[in-house]
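Quick one: this structure, given as structure tokens, is what I'll be asking you about.
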Amino acid sequence: MSNNGTKTTLLRLEDINTYYGPIHILQGVSLEVFAGELVCLLGGNASGKSTTLKTILGIVKPASGRVVFNGEAIQNQPTGYRVERGMAVVPENRRIFGSMSVLENLEMGAFLRHDRDGIKADFERILGLFPRLKERLHQLGGTLSGGEQQMLAMGRALMSRPKLLLMDEPSMGLAPKLVEQNFELIQQVNQQGTTVFMVEQNANMALSIAHRGYVVQTGRIVLADEAKNLLDNEQLRKAYLGR
Amino acid sequence: AQAPEQTIKVGIMGPFTGPAASIGQEQLNWAKLAVADFNAATGWNVELVEGDTQIDPAIAVTIAEALISDPEIYAVVGPAGSQEVEAVAAAFVDARLAHISGSATRPSLTTSGFDTFFRTVPTDAAQGPTDGNFLAYELGVTKLFVIDDQTSYAVGLADEASAAFEAAGGEILGRESVTQEDTDFSSLATVIGASGAEAVFFPGQIASQGALLARAFAEQGIEVILFGADGFFSVDDFIAGAAGTTEGAYVSAFAPDIHDLESSADIVARYTEQYGEFGTFGPPTYAATIVALEAIQRAYEAGELSREAVRDQVAATDQELSVLGGPLAFDENGDVLDASFYIFQVQGDNFVLVPTSADEAEPEATPSS
Amino acid sequence: MALFELQNVSKHFGGLQVVSNLSLAVEQGEIVSLIGPNGAGKTTVLNLITGLYAPDAGKIVFDGRSIAGKDVHQITRLGIARTFQNLRLFLNMSIIENVMSAAYARTSANWFQIILRTPGFWKEEQHIRAVAEQKLAFFGERLVGYRFEQPAYSLSYANRRRLEIARALMTEPKLLLLDEPAAGMNPKETQEVTELIGKLRDELGLTIILIEHDMGVVGGISDRVIALDHGEKIAEGSFEAVATDPLVIEAYLGRNENMVRK
Amino acid sequence: MSQNKIGVDQWVEQYDQRVNKAKGLQGFIARTSQRLPPWGWLIVLVAVGALLPVITQNNFAIRIAGNIALMGTLALGLNVVVGYAGLLDLGFVAFYGIGAYTYAYLSSDFSGVHLPTWVSLPIIIVISALFGLVLGSPSLRLLGDYLAIVTLGFGQIFVQLMTSLTRVSLPGHERPVDLTGGPNGIINLDKLSLFGFTARTVTDHYLILLVVLAVALLVIYHLNRSRIGRAWRALREDELAAEAMGMPTRRLKLQAFAIGAAVAGFSGALFAGWQGSVFPANFDTTLLISVYAIIVLGGLGSLPGVVVGSIVMVAAPDILRDVTLAGTLFYVGVLVTLIGAIRPRWQTALLIGLVVVFGVIVRLIVGALDAQALAEPQLSNSLITNTVRSWLIIPVNATIIGNYAFGLLILMVLGVSRIKHSVWRLAALVPTLYVLIFVWETRLSQEPSVTRLLFVGVLLIVLMIYRPNGLLGQKRVEIV
Amino acid sequence: MHTQEVGKPMDIFIATLPQQIINGLTLGAVYALIALGYSMVYGVLQLLNFAHGDVYMVGAFIGYGVMMAFIPESGPLFAPVIIIILMLLVAMLGCGVLGIVIEQFAYRPLRNSPRIAPLISALGVSFFIQNAIQLTLTAQFRNYETEKLIAPAAGIDLGFARLSATRALVIVTAIVLMIVLQYLIKRTRLGKAMRAVAIDREAAAMMGVNVDRVIIFTFFIGSALAGAAGVLTGIVFTRVWHFMGFAAGLKGFTAAVLGGIGNIPGAMLGGFILGLAETFAVGFISATYKDVVAFVVLIIVLLLRPRGLLGARIPQKV
């Protein structure tokens, strides 16, 4: 864990304000993710978690504020550009390519890569992690069960070998056994050098593997701290963890 | 005489855009020329008001209303198609506004009591028999194939000619319709080739379609006589555009080729200089425009410039020599008096007038080629 | 007699046997949870029940009548309603209209009444609206207020889930099928939903079949739990019994007990 | 701002602080328009509409207004099918045609039947609705654009049959029978006669159509705000979910088709009665395009949108017919666009000044090079035109040069719109505007018919870009 | 006189069938090329590009211009093959660029509006192009002088039918273009990107696909094919005019749907079938009811196969 010494910032949001039509959703959101970190974003329903991710990815454009990725201000760049710079995402609602097979979906994940061997290796690795996908390799993505689609979305994001992996509720719809595996996998990916920024409702588990966490509430960051401090935070526990 | 103080306008209705624009634009250009000629000759400053009907009767109705509601308009040229005339004539009657078409040929238009409607072209009732009889008697055709292009003009003419041809003992082997948008005639050509027809009567409006049909015949080595009507009378489209395949084809037209008329040579030259080549739909519109303008002038000079007066003056038209090469006057229904038809054959680069037994008493306008 | 019964139902897609020879029965007023690994066929069972898929074999009996072969909307009219795992809202309609639209089968205003706005129509319309607002109010503040007239697409993911439940309730079902109602909610919110489901049974007298991966929910309210794997029933009984069944642990829960959220 | 309580959804209480309300005039309009209830708008519409014949005796203006009402009514029917039920029906005008031809059969010498309109209308409505059911039946099997093409086919077949069913051999008839009048149509139809009142003048027809439009608006509004309307829209959004929520989607689709067809047939009958004749050409694709343009331009599914769309689509092309008016509109339009698009304002003034100077310089240069190349400007009776023409250079062979300038103009406009930097853009605008005026004077004003359609094309593009959801439409998302 | 005896309908049918097939294939080749562009754009954007027919018309005019430039009165300047290739290339390039411009100005701003909104700006574009051409080039018909490049007599007499060199050229060119396209789409990353954009534009962007570039490319290729179709039409049917795009666009749309819209091989198949259906309708039923027959065929096909001939039914999971 890299809590020591010099940390380089991989992603920084500076005073982001995002609107949907006339409604002001994100109000001055600022946050920072250092290279190599695993950071999670918590918040109640409709608090603006997905909107934050969408702003980072450029699916919605902020009205003001900067999104700095790897030292470069990218708030005016299209999504494709950001992905090219090294982001990958497990989107809310999964967004599987329904009329493509599982195999093709995974290939789409590696769309920007050209290293055949590397792709092949990652492909094998992911099928190893999700044997169910291997069984369903030629089935159309749209006909997978909910949980299978979630695995595919995970696998697809991993196929791009991103610098920064953004995840919107990666364990949603997964069976308990897989939830556990999935968190292990995320931790593993992070330890291998991928920075992770995730939105997760399974807050206990998310905080147990994360380094730091932010809490967003009605479009504002209301808490930011080390993960273990957050786990012990009384307020937070009452509000989110249901204990 | 002094040019009038007030603004005087003449309306024109026709399909200036859309699928039939090639015809409409030619009519429009001739009308423009006529107005320019008139203004130059009289020192007047008549304006031409365009009303683009896109050959849709519903639009024609709206435009008629627009023209009627402009009090400075004293006469209207058009509309072009018979179905448009049918749709608008009643409104013009109510407004007492004379309108003179240079191309609507449906016989019933002038017999329906629309006393403000006139036309400078004779009706299908006159042309159809000429064509049918020529095919049967002069060319000795016994088996005929008939095509129309689904316009009221072509359908009417095809009907009339078929009737005459059958009355003369001929047999109609087939009747088909095409649309003006069609360019592929190869399959129809195959059908006609196999039908055993000796001749094809295709009174289409669009000359290039005649050329396309002829090309299709040539491509498949089918030899039949192609016979068209006014619409095909275009050196550019029917002869040059056919690359020789229309050689020997016939067309009938109600006026001699004005290219060859000495009396109109000057007008033809000015037209070609400004607007390029033309077919047969234009000159009658020139004639119609001149009729309208002169009627206005006469009414003005008689000191009573009103729509009613202009209408009466149009009815009283009596030109000794119109652009079409002969006298121009209307009968009590508004049809041209003493209409007769001429039949031409494509020979080389030109249409050549074919002498027929019917028009022995042919006027002085013999072709020069 | 059971309110609802599946008798030896099977379904396959291509070479894949998704549900095989499954039988289950649900009593009036019961809450039955369906659990099982991803791709076990749980959602497919719901689809079979609601008529979206036709079973290859077997019988589906509701209220003493076989409902196989009936149109989807007829089944709904009989009193079965559902939510969708991959939300299917009427996104461009307002929130309140999403709910009101589901009253279609329970209302009767005809063209004549609608066009002339007869008193009968007004009465019915006001009734629909009141009921719809009441259904939305189930979720506390989350779907009320200015949000009534907001388009459904402007809702966040979890709120869309809530709206789906409200919409399903509007069809006045006897049997309610919920497909992962707590997905996308944090532990606190999950507790809310769990309580709500209990309320639905207790206050509205609904019978509920619930699919859920959150063992907190399943354990919290199920009268009975049925575990599926590969389309077959592998365990059935109380939550404690099923959750400790070795087959279920092996296939579904995983070894690490503490992973199951409490 | 209130402190956030962690774990509590506060959107509802914070809503007022968070929503950006429109300010100024726009906001005022938005707020007042919301305050007036729908029936209030309807009364305003009818009242303003009824005033028209009082204000003007000009039959052309009244006829246009009548056309607006007629097309609006027709579009309302399409709005049910496309806007609500989401069924892309490209055969819609066929129902209009069926209504019109049925009217012709029921009220003309062609068939020898002469029913008064109030008797024939119910028959026409029933017949059109039945056709709606028949043509709607493929919608049970076909989705989206497949339905579109099949219905387009029906529409084309209708026109073709009306054109060519003129020589049909029927049993019991010796000679082939003319069923439709072919391209010459059926003429001399009876006038619209409602309970003893016979419509004769343009104003009579206009008033009937205005009332019809108002009633149709009311009926469709009521349908929309009801279980049926909600079900239609639910069907459009997600057919499967609608079905699962208890809506009989097949029946609803057919109902939508039938009501759309009934409205169309009804409008068609009124149209036929007004025109006094019917022709196949009345029901061509052009009409289909106009009706679609109306509902999309207005905003799909929006009833006020239909009225506004219909005003734009019917009135704009007809207003542009008048050459003098079109000229004025052209210059005013250019000016308004510049004022709207260029900020700050003084830049607009600067720009206009620069264009004037540019023109003078060009004139000087060309005059010095070759004085013969300049034609005497043709003066017209419009003040703007005369001023402009004496400032511009008009070459002798204006047509040819104008054509090239037109091509150049398109390139320049495309180029200018790509320039981001405001100073460069201003600089580039100077010659562009000059060429624009040049092209207008040499070519466009000379060809009013073509220019009119060019403008309609530009208008459609610009309006759609400016309001992607239609003039009065709501933002919509496509289902992902 | 080359009169065959009028025989029984069956005899005529058999005698003319081969010729009608050739006629139908020629027409079908043109339809197929137009349908391809339609289908590609549709496939990627779910947009009915009603301006496509007008791009085709512009292509025909560009080809005409090139032809006239290289065939002065004195005769062709180069070998006919070169001139024909030049005509095709210039027209394809010109139309491709036109397609891109149309996309940029008329469709891009409407990407996120309801599906039929771009239909209206497409109509606006269509009006604009048609009338711009009429304004500058007039409404007159122009005739390709194909006979100066390919002798009308050239061709093969098969005995039972004649395959002229022009027709052979058209059919072969069209097929070659289709094969190239198919290769481009099946074998390159671009094809995959196009599919992804088609299914879910946003998700494709999340995979790093440059959506704008894919769309631009699609418009370029689709429009270029329309340009080629325009030139081929000119070569074989000779007449070109400002309004030719309207009907052709409808035919292209029909063919694309017939084959299964969005499906590339489907568009080709649909084009050929539509061409043959029309030809056979003229040949064996009635020219009058040509379009009626074509649409009846279409309706029957679609009722039997609701997603067109090659359109696969995408299984829906709930």
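Lettered A, B, C, D and E in written order, each chain numbered from 1.
By our rule, a residue touches a chain if its C-beta (ideal position, glycine included) is under 8 Å from a C-beta of that chain, and two chains touch if they have at least 3 such contacts.
Computed from a predicted structure; not experimentally measured.
S.K.: Touching chain D and chain E alike: which chains?
M.R.: Per touch definition, common to chain D and chain E: A, B, C.
S.K.: By the touch criterion stated at the start, how many steps lie between chain B and chain C on the shortest route?
M.R.: The distance in steps between these two chains is 2.
S.K.: Whose Cα centre is nearest the centre of all Cα atoms in view?
M.R.: Of all chains shown, the one whose C-alpha centre lies nearest the global C-alpha mean is D.
S.K.: By CA centroid distance, what chain is farthest from chain A?
M.R.: The chain lying farthest from chain A is B.
S.K.: Weigh A-C against A-E on C-beta contact pairs and write down the one with more.
M.R.: When A-E is set beside A-C, the one with more contacts is A-C.
S.K.: What is the chain whose Cα centre is as far as it gets from that of chain C?
M.R.: B
S.K.: Return the distance between the CA-based centres of chain B and chain E, expressed in whole Å.
M.R.: 35
S.K.: Per the centroid of Cα atoms for each chain, what is the distance between chain A and chain D, given in Å?
M.R.: The computed centroid separation for chain A versus chain D comes out at 47 Å.
S.K.: Identify all positions of chain C at which a residue touches two or more other chains, and write them in rising order.
M.R.: Where chain C meets two or more other chains at a single residue, that happens at 13, 43, 52, 84, 86, 88, 142, 188.
S.K.: In chain A, what residues contact two or more other chains?
M.R.: Residues 23, 44-47, 93, 95, 143-145, 238-240.
S.K.: For chain E, which residues are shared contacts with two or more other chains?
M.R.: In chain E, 130-131, 134, 200, 202, 246, 288, 291, 315-316, 318 touch at least two other chains.
S.K.: Kindly provide every pair of chains that touch.
M.R.: Every touching chain pair, ordered by label, is A-C, A-D, A-E, B-D, B-E, C-D, C-E, D-E.
S.K.: Can you tell me which positions in chain C touch chain E when the two form their complex?
M.R.: For chain C paired with chain E, touching residues are 13, 43, 47, 52, 84, 86, 88.
S.K.: Mind listing the chain A positions that touch chain E in their complex?
M.R.: These residues of chain A touch chain E: 57, 59, 78-81, 83-84, 88-89, 91, 95-100, 104, 107-109, 111-112, 140, 142-145, 156, 160.
S.K.: Using the touch definition from the top, list the residues of chain B that touch chain D in their complex.
M.R.: Residues in contact with chain D: 7, 16-18, 28, 49-52, 54-58, 61-63, 65-66, 68-70, 82-83, 86-87, 90, 106, 150-152, 155-156, 175, 177.
S.K.: Under the stated contact criterion, what part of chain C meets chain D in this complex?
M.R.: Within the complex, chain C touches chain D at residues 50, 52, 71-73, 76-77, 81-82, 84, 88-93, 97-98, 100-107, 109, 111, 114-115, 117, 121, 125, 128, 141-142, 144-147, 151, 153, 167-168, 170-171, 188.
S.K.: Can you name the residues of chain E that touch chain D in the complex?
M.R.: On the chain E side, the touching residues are 42, 48, 101, 105-106, 109-110, 112-121, 123-132, 134-136, 200, 202, 246, 250, 253-254, 257-258, 261, 288-289, 291-292, 295-296, 298-299, 302-303, 306-308, 316, 318.
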